[in-house]
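Encoded as structure tokens, the structure appears first; notes follow it.
Letters are used for the chains, namely A, B, C and D, taken in the order the chains are written, and counting of residues starts over at 1 for each.
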Amino acid sequence: MANSWKEWERPLLDLEDGVLKLKHLAARELDPAKKAALEKRIEDFEERIRSFIEVKYSRLGPWEEVLLARAEPRPYTLDYINQILPDFRELDGDRRFGADHAIVAGPARFDGQPVMVVGHQKGRDIKERAYRNFAMAKPEGYRKAIRMFEMAERFRMPVITFVDTPAADPGVESESRGISEAIAASMLSMFELTVPVVSIIIGEGGSGGAIGIAIGNKVLMMEHAVYSVIPPEGCAAILWRDPGKKAQAAAALKLTSASALEFNLVDEVIKEPFGGAHRNAVEAGESIQAAISKYMGELQKMSPSELKEQRYQRFRALGIFETE
Amino acid sequence: MAKVMKPGEANGGNFVQCKGCKKTLFASEFKDNLFVCNYCGHHHRLTWRQRVECTFDEGSFKPLDTELVSVDSLQFPEYAEKHTASVEKLDQNDSVVGGIAQLDGIDVSTAISDFTFMGGSMGSVAGEIITRALERGAEQKMPVIIFCASGGARMQEGLLSLMQMAKTTAGVHKCREVGVPFIAVFTDPTMAGVLASYASIADVIIAEPRCLIGFAGARVSKQAQVVKAPDDFQTAEFVFRSGMLDRIVERREMRGMLTSLVSMFGAHLREGTNG
Amino acid sequence: MANSWKEWERPLLDLEDGVLKLKHLAARELDPAKKAALEKRIEDFEERIRSFIEVKYSRLGPWEEVLLARAEPRPYTLDYINQILPDFRELDGDRRFGADHAIVAGPARFDGQPVMVVGHQKGRDIKERAYRNFAMAKPEGYRKAIRMFEMAERFRMPVITFVDTPAADPGVESESRGISEAIAASMLSMFELTVPVVSIIIGEGGSGGAIGIAIGNKVLMMEHAVYSVIPPEGCAAILWRDPGKKAQAAAALKLTSASALEFNLVDEVIKEPFGGAHRNAVEAGESIQAAISKYMGELQKMSPSELKEQRYQRFRALGIFETE
Amino acid sequence: MAKVMKPGEANGGNFVQCKGCKKTLFASEFKDNLFVCNYCGHHHRLTWRQRVECTFDEGSFKPLDTELVSVDSLQFPEYAEKHTASVEKLDQNDSVVGGIAQLDGIDVSTAISDFTFMGGSMGSVAGEIITRALERGAEQKMPVIIFCASGGARMQEGLLSLMQMAKTTAGVHKCREVGVPFIAVFTDPTMAGVLASYASIADVIIAEPRCLIGFAGARVSKQAQVVKAPDDFQTAEFVFRSGMLDRIVERREMRGMLTSLVSMFGAHLREGTNG
């Protein structure tokens, strides 16, 4: 069982690396025959890549979905913002304690219309990962989000949230500044909104840290994102006292987009490009844009009070139980 | 062997050992003292039935929503067995019991979390009962009091239990909209998904002394930080210093405190009276 | 020029001390003649006290008013609460960072009706003074106050605030957690209230720290309280580079209750008992109770929107300028 | 000698010395660079006229409320003389100038604080102009932008100036009620009574780099605490880290930032357009 996306995709990554090298060679090859041979080899490689992806991605288990959701080259919130939300002006500060770079937020334009954007932000290199605290927001992050939600309400702007966090920051400082209150208050402030809210789980939907900004009128989920009440490692540790049984735990937790859709916990799963969003960020962005467009269009036909009521009813209905 | 009374054992004339100081206590005195050790003040965990007895006007509690039963939707390993065992042992359907009760004659909507039932964890049934208690308060203009005692969301119901955080928060939202006061009482322990949802956004939060209150398991959060945790990290006293609690109230004072608060904060709901 | 209330009242305090000792003697004296002589002396002393107070208190300058406002034995917020606001249940916490004991707050009953009370609290002994941070609230204190104002609004409770602070806490920690924002946000939340608000300056009305909780529909002021934009010491230091000229500064600043009333900045000055509130806390409490009763009675005839509008207009009108 | 240009001097072909790095700069280049040193990036203080030129659509600014004049109600020592001297020297009535202007054609209500006039201090006139700017925005549905540059409340007007904190806050309240965005720009320095009133409760707060921002005089707050102040205490950078600012924006980017914000946040106010 692979422990990381890189490990799991290793043979595929090697092939893709090979293709790149061959293309480099082909570009500099002057002899037409040799060039043709190289191009034939490239075609072969690409065919192998295609079938490799087809096979590998048709057999994705829950644990592999976890690895994919966590994959470093996956598009992050700011990648989508840069692609589909022009005029983004990042704003910051909780007006209470600090700046939190695990969540980015600010106004932008979507389909030409002003919207408010809030999303977890992971870091791609070691330095940015530290700066972003691995997208684990502290209370400051959620309180900044609340401030943005309140502005969206006052200025009648639809809200788009991107969810991509392993968890809220669980440290001593987070606790002492009320991370629990911050998450709950953020959810509460989203329930109070009378503007349309679309939330998209784009990568890791990690527990309270995720749902803290995921109270949408519509909640969408990328095909290879995961959404879970507890990380599989933690679940395995509790259940079998063995964090190594994370694949079993991932299966038990039903954390895939397919399961979330099956239980009606998300409204739509956004199909990812062939081989995952990390293979074609632009196409992934376009799919997200299309999905947001569609749902924003629906939501904007509703009145402010209908929007609040629909959001309430949407979450109010979640849960499965029987009546004796 | 250390043993805390179970429901119904209090009148058996047994002795019990305090979980705090390990001293041996007369069961009858212990019960009269609301299950608080009179040597060290340790507040022992209560079952929901004990909580009702310690808190509300005698005989005023009426359980509601008792018809709701859990479903093992995920076919989660060992869940059905564990759940069934708890149901049979404790004679209750799930970890939270909802209902209405009175404090000095004032109607309140309530829900009581019982740690003895699967660690008080919040799954679909618990989330529904809590949400109904909040909605009932909002609709019938009764103050809401919820007693928390929970390890957090119920892992065995997966994402469904995460959604209970949102659902119960939606319930608080309904109370806010209509000006119905919501008081949360944190008892040992109040953790994770329960703390990070409806519990922390109560209008007033009261905790029992020294109870455990935290977002992450203490192990996780101590690991996660360079900052040293204070000795009383994740206790009511620490959480009070952090500004998250209104008061730490001893169990013998709790009924008086709650009565006073619902009387004053709920006065505007009781038309024609002056509180 | 006296530097403290104690220094200024020294001769008077000595006389009062003398009376106490004589009374003690008289109580134990068995010889009727000697007892009568003692009682005569007591009467003489008390007459001297009365005339001393009459003279001294009729010639109070602004600086003496400052000393009186700061006098340690003056009744503090909790003294008034204990006397006239039964069922007070202190609540705490800003839900953000910490507990702040420079401000006390919670529901209570006034004239039988539930009200919300918020007030600065000084400490009487060294230990309590440290615990109360000399009534200099940090951001946490003002954010607790905001939480109380919001509850008062939701639960339709009139608000009573007691103002008694030298200033908001000016420390590095206060700044880093946004003391300015906290004060401004507290004022803003008071402007949003649709319930009656009565604020009473009971001792020191120190600058932003004071006005942060003093946005009442009616603002009352105890006779020997002061209300100022800057402490006289600070003003003297800026104006004459000599903090010693504090008496001149006190005069220049027009910080007495009489001046505040003259400029229409307070609605009523509550007369203090003979010799100041510290000589008869109960009588002072009764006067405050009567004043609050009167104004609450007036305010409760107004609708929620009228209350908000009246409060807005009250503060909107403050300021003196001419038009060219 | 260090000297920052005064209005009208910029075209004289003089040299000026940077207040930050002390280097000598060509006045014309300095002006083209919006009075920012191109060696060290020091943002020099601006008069209100310079601020207007650096910010709004050319010729769009219309001053309002210029008829308001200060009254020495307290007969405060030296106040009348100081005030008169400033009025004569600077050809303006007080420390704040209000009006309406445009950003890329979008109408905004504005007020600009000028530190050169008695330290930008806020007395009755400044408070009235700021409040009117906020009210004008609220009534006419225009976004409000206020440039702060002030040592705080004007001591010489005593309690009347403290009341301006409440009055300007009331103005912000009016904007909030009707959903009119209010943007505050903190420039060097933004202090005390101004910071602790309308300025800190703006919807968006933008600061110029390295400007001084603080509640207490740095001396006071450093004395008052056992906690050591960081080296950049009370600078924009410190205040940003403390979560009180949305952004630190260089002067050359300021117009673009403000235009973008009023365009997006004010879109709902401009009926029939799409922002």
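Observations, loosely collected:
By our rule, a contact is a pair of C-beta atoms (placed from the backbone, for glycine too) under 8 Å apart; a residue touches a chain by one contact, two chains touch by 3 or more.
None of these values were measured; they are calculated from a predicted model.
In this assembly, the C-alpha centroid of subunit B lies 51 Å from the C-alpha centroid of subunit D. Centroids built from CA atoms put subunit D at 40 Å from subunit A. One finds 34 Å separating the Cα centroids of subunit C and subunit D. In subunit D, the residues touching two or more other chains are 176, 200, 242-244.
Among the residues of subunit A, those touching two or more other chains are numbered 95-97, 176-178, 181, 185.
Because contacts link the chains in a way that matches no line, ring, star or complete pattern, their graph is best described as other.
Pairs of chains meeting the touch criterion: A-B, A-C, A-D, B-C, C-D. Chain contact summary for the complex, subunit D toward subunit C: residues 66-71, 73-74, 76-78, 93, 123-125, 127-128, 131, 153, 155, 157-167, 169-170, 172-174, 176, 192-193, 195-201, 214-216, 220-222, 224-225, 227-229, 233-234, 238, 242-244. Residues of subunit C that touch subunit D in their complex: 168-181, 183-185, 187-188, 191-192, 207-208, 210-212, 214-215, 227-230, 235, 238-239, 248, 252-255, 259-260, 263, 265, 312, 315-316, 318-324.
In the complex of the two chains, the subunit A residues touching subunit D come out as 87, 89-100, 107-109, 112-114, 140, 144, 151, 154-157.
By the touch rule above, subunit A contacts subunit C in their complex via residues 95-97, 139, 143, 176-178, 181, 185.
Residues 176, 179, 181, 200, 203-205, 240-247, 257, 260-261, 263-268, 274-275 of subunit B are the ones touching subunit C in the complex.
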